[in-house]
Amino acid sequence: MTLKTEEFLLNLGPQHPSTHGVFRILLTLDGETVVKAVPIPGYLHRGIEKLAESRTYTQVIPYTDRLDYLAGMLMNWGYVHAVEKLMNVEVPERAEYIRVIVGELARIASHLVATGAYAADVGGLTGFIYTFRDREDIMDLFEMISGARLTPSYMRVGGVADDIPDGFIDKCRQFLDYFPTALDEYNGLITGNEIFQARTKNVAIISAEKAIEMSLSGPVLRASGVNYDLRKARPYSVYDRFDFEVPVGSKGDCFDRYYLRLLEMEQSAKIIRHALDQLPEGPIKGKVPKVIKPTAGEAYAEIESSKGIMGTYVVSDGSTNPYRVHFRRPSFVNLGYLDEMLKGWKIADAIAILGSIDIVLGEVDA
Amino acid sequence: MQVKGKGLLKGLGITLKRFFKPKVTVQYPEQRLPLPDRFYGKPEFYYDKCIACNMCVNACPNKVIKLETEAVDKKKVVTRYDFDQQYCLFCGLCQEACPKDAIKFSKDFELTQYNRPDIKIKFVKPEQVEQRKEEIRKAAAEKAAAEAAKAAQEAALKPETADKEGT
Amino acid sequence: MDNVYSLLAFVLLAGMILGSALLVVTLRNLVHSVLWLIVMFIGVAGTFLLLNADFVAAVQVLVYAGAVCIMLVFGVMLVQRPNMEHSNPINWRFKLAAPLVGGLFIVIGLLTAKSQLVVSGQEVPAQTVQALAPILLNDFVIPFEVAAILLTVALTGALLLVKEVKANGNGS
Amino acid sequence: MGTALNPSYFMVLSAALFAIGLYGALSRKNAIAVLISIEIMLTAVNINLVAINKFLTPEAFIGQIFAIFVITVAAAEVGLGLAIIIAIYRNRHTVDLDDFNWMKW
Amino acid sequence: MVDFALTHAWLVPLLPALAFVIIVFLTRPWPKLSGAVSIAAMFSSFVLASSVAYGVFTNPGFIERPLIYSLRWFGMEGFTVDVGVMLDPTSAMMLFMVSMVATLIQIYSTGYMHGDPQYSVFFSYLSLFAASMLGLVISSNLLQMFILWELVGLCSFLLIGFYTFKISAREAAKKAFITTRIGDFGMLLGLLFLQIIFGTLDLAGLAERVPHYEQYGISLGLLTLIAILVFIGPIGKSGQFPLHVWLPDAMEGPTPVSALIHAATMVVAGVYLVGRTLFLFSEVPGAAEVIAFIGAFTAIFAATIAITQREIKRILAYSTVSQLGYMMLALGVGSLSAGMFHLWTHAFFKALMFLGAGSVLHALHDKADVWEMGGLIKKMPITGWTFVIGGLAIAGIPPFAGFWSKDEILVVTLEYARQGHALGYLLFFLASFTALLTAFYMWRMIFLTFFGKEKPENHPHESPLSMTFPLLVLAALAAVGGLIGTPWANVWGKWIHFGHPHHGEPNYGLMFFSVALAVAGIGLAYRLYYQDEEKKLAKQLAERYQPLYKLSYHKYYIDELYQWFTRQVVDASAAVFYWFDIHVVDNIVNGLAGATKLSGQGLRYFHTGRIQTYALVFFLALLVITVVLAFGSPTLAGSMGGVHS
Amino acid sequence: MENLFVSMAAGIRSLLGSGGLSEWATDFLVMFLKLGAILVYILVSALWLVYMERKVSAYMQCRIGPNRVGPMGLLQTTADIGKLISKEFIIPKDADKKLFLLGPILIFMPPLAVFAVAPFGKGMVAIDMNIGVYYFLALASLSTVIIWMAGWASNNKYSLIGSMRVVAQMVSYEMPLILSIVGVIILTGTLNMSDIIHAQENVWFIFLQPLGFLIYLIAAVAETNRAPFDLVEGESEIICGPFTEYSGMGFAMFFLAEYANVVLVSVMATTLFLGGWLAPFGLTFIPSWIWFLLKVYLMIFLFMWFRWTYPRVRVDQLMEFGWKVLVPLSIANIFVTGIGKYLYHSLGW
Amino acid sequence: MNPKPLEEIIEELKTRYPGIEVAESGSGSITVTVDQLVAFMREIKEKYHFNYLTNVTGVDYRDYFEVVYNVSIVEQPHMLHIKTRLDRHNPVVPSMVPIWGGAIWQEREVYDLLGITFEGHPDLRRILLDDQWEGHPLRKDYQWEGGRES
């Protein structure tokens, strides 16, 4: 009786509590240690790029909501930004400010989910509940301004759908005033926890060179010490008018990636405060024809979404429908390095690493 | 070396403090949060306002709305306005596109149904159509009558008008 | 009265021990063997209780059922994860072994029957722990220490053995 | 003798258990199974020791002490034995005792 | 407390041992904590030891009947070894002294070793050393003592070679270890003889049996041999001529080590051992004379070397050797009290001076040459003045400690000579001349180091409190520590003595004589090295007596002699043995192996390698044998069947 | 009140005695009743603890938890159990069917058996065993095998990983658990639980053995597989560990057994460190068994508190913490306790 | 690191690679032929320090395929929009993975949805669609059945 060793294969997902959606990783394990990891996305592929080809320019907007459904505002923005670039539309100042406000709110909301889900990934469910509690406030704000909580479809080519409703600014300020205490709570419950630190510090360190080479973006890139935030590096919209800092990590481990998001939330709150203070009066929509019909051409535009660089590539053939729309989804590109990151870590670390990248499967699978 | 366990104790402190603080739970069916005005809930269709311009149908990204018209006496009568709610993205583009505010979203968000066919909302009821048709016909008839009357009047003033048309 | 019950208990326990022991050595599934082994150990612990050795019974459960068997289970899992169904085959020797052990049992049984043991008739003191401790830690302190060192050395050795070879295995 | 418990009973039980263990030790191919069988044999000895302790020298407790030592040594033995088996398995990918024959000649 | 201490005297060595274990296994990554653990253990040890000392000295019964309690370690037919604790005034004094000096030196070390990467390790060694030394001191048994003696040697080895990156340190460590091993070997032989002849190594037992050695069937000659053998151990450990060579080299270790081991504690272990076994030496006058002469010779020999050395610690080292010779001399002439008294005072002032030297080195960044120092007393007042106190003490200026003990030794030596021992006056002369030399070279060093002109290239600074505190304590003790043994009120002699408490009348003449010697020595040094700013006279003297100067400066070429001996004699004999081993021994062994191999080749095929087959065969055979035995032969069957209890 | 249960038992005994039963049979029956009462207590308290856990977690998370079924949601667990009973017990195709079925049945055995020796109040102990503490340790170690068995029999990879974790974790933490108790045993010189409680009349052992208590607490959390040591179930990593394939009542049994184990370790902690049923500050007018339960629930609250505050540790950190921190610490604790006791006796303080 | 303005860089590149087409409007859009692509990319990475590959995608222009690369510099706001045209019937392009590892999934995506083969890609498999999927949906001639809208 001669037995041969069989590789211990474990299908992490597609249905698994910690893959943040339907995502599958085929792990080859030695005991609990990951020897090889093959990420298999695509379970949520809806062909949004294909769908967009048969929609008008405006009709694509609701689909972009469904990319990163945790920060739908930013996805809207990325798309309309590209179309505006294609059409050379001037966006009124007030609209830009409103975009900044809702965009940064969306960033906070997205990071809150990332933070809480990360706490849940490493086993502390209470942190998750806390962040969701505070995210509700932002969702309420979104509901006020756009009528929807998760998928706002708020932005339009050339501006935004509606002006700021009454009471929004007060409520927003109220939230911003409350938010630091919430951050303190997260820091006390999650960040400062020794177990949490032991779980995340020095796990899956990404060097700055490697991060740039693998085109990582967003907090994942910045945690490795690369100061690359489009809001600063190539300021779009009105970001050059705000005084904020880009937090940068030092080590590039899971803890840095996690903690960076907390710091970014702080900065986002600062930006929102500035934007609310500076908010000008004026129209909310630029001069855009009712039927959008750009001349043939192409445009590629990038914004900094909560997960990283969200690029949109629009090709127009002169008709009312875009000829080709491509979304450069940050989570998707960030995931390209996952297999390398997982190697040599334990299953529990694999969860922590995946959580630290903060993916949204709607975005990965498009 | 920092003191181990400080963070652990702090965490315990936070949860214990929360233990005694007020809760955020909303007892949903009994208690409801106020909804903002812009909320996209159940779609509502105002039959009377609709001019069957097809703007909403064209605006809809997901082709949710089925609008059928019947030309009654050259006027379009909406015979069917089906809203296939299960595919609706609740983006509000139809509402935005509608020039007459005929389609609107209410604040009713409890949209679940027990049967799948029930999700599809058929806004236009046959009697409404009939009534409408009736109205149009009546109007047409009235109009025809009026026109006839007018024609009769005009006939009297014919030369002037003919002149105008001629110019 | 008491004797009858203890005899009954003995018969039951003996049946449990022997039955599960037989299952241990005959079952094809190694995991089942190990689990039956636990049953057997618990039976033996019961026997010890019957023999007024409650401390030894507890040690038996703690060490054998609680630790040794778990170690075995772990070993089983480490060496053969897939297909446990026929993990425990029998070799050609069983044909020879069966009559041998049968003979051995008969011989020992006969010898036992022939021997005349002098039963002291005294009872084992109830406070076993209090009685055991001084013996273990005074009269038998050297063997006690030796056993402790043996355990430490054995486990350290075991650890080293497993680790060392693993490193080699990776290297080759 | 009557219904009273007799040391012979336990000795016969012990002998039977020992025989079963020996059978297992001789007839199983799997090294771990052999290890298990050896444990059975050791337990058989323990029954004997404790029985003799109870019936012959109840005051001295030597039998129980010995049983405890046997258990200790058995635990060490299992640990080491398993480690050796695992080590061999990692190198040779087998736990069949008949394949462990490279210590011949 | 006192009762507790007396019954728990074994805790005194155990606590530092525990500290060693804790540091090694737990606190090594945290230097501060390690130091704290070590000092705490040492200090509690010291407190216990003080209690023990108090208990012993308040109970006169202990002088005659030491408090002994022991545990059977192992025993076999005719040979038992106990380990135990023996408390009498001598050991209590040593306990007190060792634990106190060790505590002070550990405190000192926190400052001296500050920032060393091996800080924790250093403290663990110190603890282990203290444990072994304290254990040695309270041993009731010569074997136990020997084991701890070796452990002390080991610690010494570790500590001398503590700076493993320094080749000289490693070499010195090896030298110390090997040299003392030579002595230990002789001592082990002596102990074996004692065990074989007297059947015990218990000090108490031996003390009873040795005087009646005739009953054990040995001659005086053999006993002398044994005594000499035993004495070889102390020769090695206490740096007596000719095995003194390791001690100066041992100064390569950190200064606290030098102070602790090579001044106050370990090196006096030999003296202590001789003191403990004085019942043996007093029985054999020959051996005692040998001790006395070796002691006296070592004293003068080392002193003559010391006058020319340049390195501060080396001067102190030779001074130590010299003082140890003094103690040996006292013991050799049969006075336990004088020897132990000098041991006691010497421990304080020598530790003080070593620590002071360490402080100086610390301030001057390990610049050791006394000629490059000068005027340090202004920059380092505490170090300097405590050092001066030490110098006064060692030179023998009353009322400092050294005076009383040295005086005591001179008294007993003179008495010894007066008793008509041949060459007794020679001993006295050597002792007095050594006293002169001691004062001279010590003050030479002090003048050169602390007085005179300041050297501009030095930037000394006073050491931290952790270093100066022990200096102050030790200075105080060096100043007053001898007052318990003044000739007028000799408390010391009443407590620590061998045989009858013996005390001569205060000999004012001798006292004056010794003071005069000391003052003369100091004066000479003053003339040569203080008054004469350019040191012209000193240089002239060195020029004029060039050969003598060189001889002294090169330590009489003893090291070179040893080296030559090793090269020539040992290597040659090794070559002979090598030839024998290769050609004779190996052939025999190989032949045997070949035969075994041949037979093995034939028999190996019975080995299938399958363990279960072996077991099967084994049990089959067992079955057959059992059946045959039990049922085959009736007689055996009968005996087998009847398992009677 | 104080003697409520004791006198109940006495009453039943006298009733049976007067009914003409032999003494032996009476003993047997009373013992049976006692064990039955304990069984009922365990089951009820497991149910109640599920409710308590949900409430505590909800309150710590700014929620209010179950509130629909029954007043304050008190019947929630009952409803859950009802639901689980009515659900299908799915047996995976490739599972080892016998062992798979046996798992949920056996899992309750070790805690139940141990409760027989737990002193619930003054005179309220079913079997006053001479080696009580040791018996607890011995039997507690058995549940490892049962959980492992269940996981292995499921033939699911997550279950298998969970099973391996069970074995590794529980064996590792049994060491510090046992060693932390040794300190108490040194102080009392007995393994009998009643004696241990009586030994705490002057001062509870939590004050004499703070380190021992801490180690016991941590090891107990690990032994019961609760956060932050809930690697066995680790739902964000391995779904539900060994119980992944269990559904319906099988799952419920494991779920409840976890709480039974929590009660068990809390009872032990109370007995060993918190003075058992002894009343603090001389508040003896409250019955001893109420004190006991109060302390037990305080301990349980502590466990829940930990669970809803801490993230989960990693498996290698778990092992490292167990072997490199807890075991040395507990050995040190034994050492210090021994020295302390020796000093105490020899100095006569 | 490289303070040259984008226009200058493009001018330089134009002289070195005569085959490239540059769009006029300062958008940094450059069209490179397939055979020059690797050399060109290497040069801009190594010489002009374009270290960050943002985006890789493809467009089906019915007659030909176009693969689009967006390359930028982390330290500076420069961005190049590099395009290359491929044969419609045999769309093969060298992989950029050896130059920018970040291309690995994006190229797989382009392969998956457009059917463009990347030569030298270490792991060219479908990524979003099922392995058994037939056709490449983002091609303009892709036909499908089912779905709500057909």
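Each chain gets a letter, A, B, C, D, E, F and G, in the order it is written, and its residues are counted from 1.
Here is the rule we use: a residue touches a chain if its C-beta (ideal position, glycine included) is under 8 Å from a C-beta of that chain, and two chains touch if they have at least 3 such contacts.
Keep in mind the model is a prediction, meaning the values are calculated, not measured.
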{"item": "Those chains which touch chain F and also touch chain B", "value": "A"}
{"item": "Chain separated most widely from chain G, comparing mean CA positions", "value": "E"}
{"item": "Identifier of the chain whose CA centre is least distant from the whole-structure CA centre", "value": "F"}
{"item": "Pair of chains joined by more contacts [C-beta pairs], C-D or A-B", "value": "C-D"}
{"item": "Centroid comparison with chain B (C-alpha atoms), farthest chain", "value": "E"}
{"item": "Inter-centroid spacing, chain G versus chain B (mean Cα positions, whole Å)", "value": "44"}
{"item": "Interchain centroid distance [CA atoms averaged], chain D/chain E, Å", "value": "54"}
{"item": "Length of the line joining the C-alpha centres of chain D and chain G, rounded to whole Å", "value": "71"}
{"item": "Inter-centroid spacing, chain F versus chain E (mean Cα positions, whole Å)", "value": "59"}
{"item": "In chain F, residues with contacts to at least two other chains", "value": "60-63, 164, 308-310"}
{"item": "Per-residue multi-chain contacts in chain G, two or more chains", "value": "149"}
{"item": "Overlap residues in chain C, where contacts from two or more other chains coincide", "value": "55, 59, 67, 71, 74, 79-81, 89, 91, 93, 96-97, 100-101, 104, 115, 117-118, 128"}
{"item": "Chain D to chain E touching residues, read off their complex", "value": "22, 25-26, 34, 56-57, 97-98, 100-105"}
{"item": "Chain C-facing residues of chain F, complex", "value": "24, 96, 99, 129-131, 134-135, 137-139, 141-142, 144-145, 148-149, 152, 160, 163-164, 167-168, 170-171, 174, 190-191"}
{"item": "Residues of chain E that touch chain D when the two form their complex", "value": "604-605, 607-612, 615-616, 619, 645"}
{"item": "Interface residues, chain B side, partner chain F - complex", "value": "8, 11-12, 14-16, 18-25, 27"}
{"item": "Sites on chain F touched by chain E in the complex", "value": "328, 332, 346-347"}
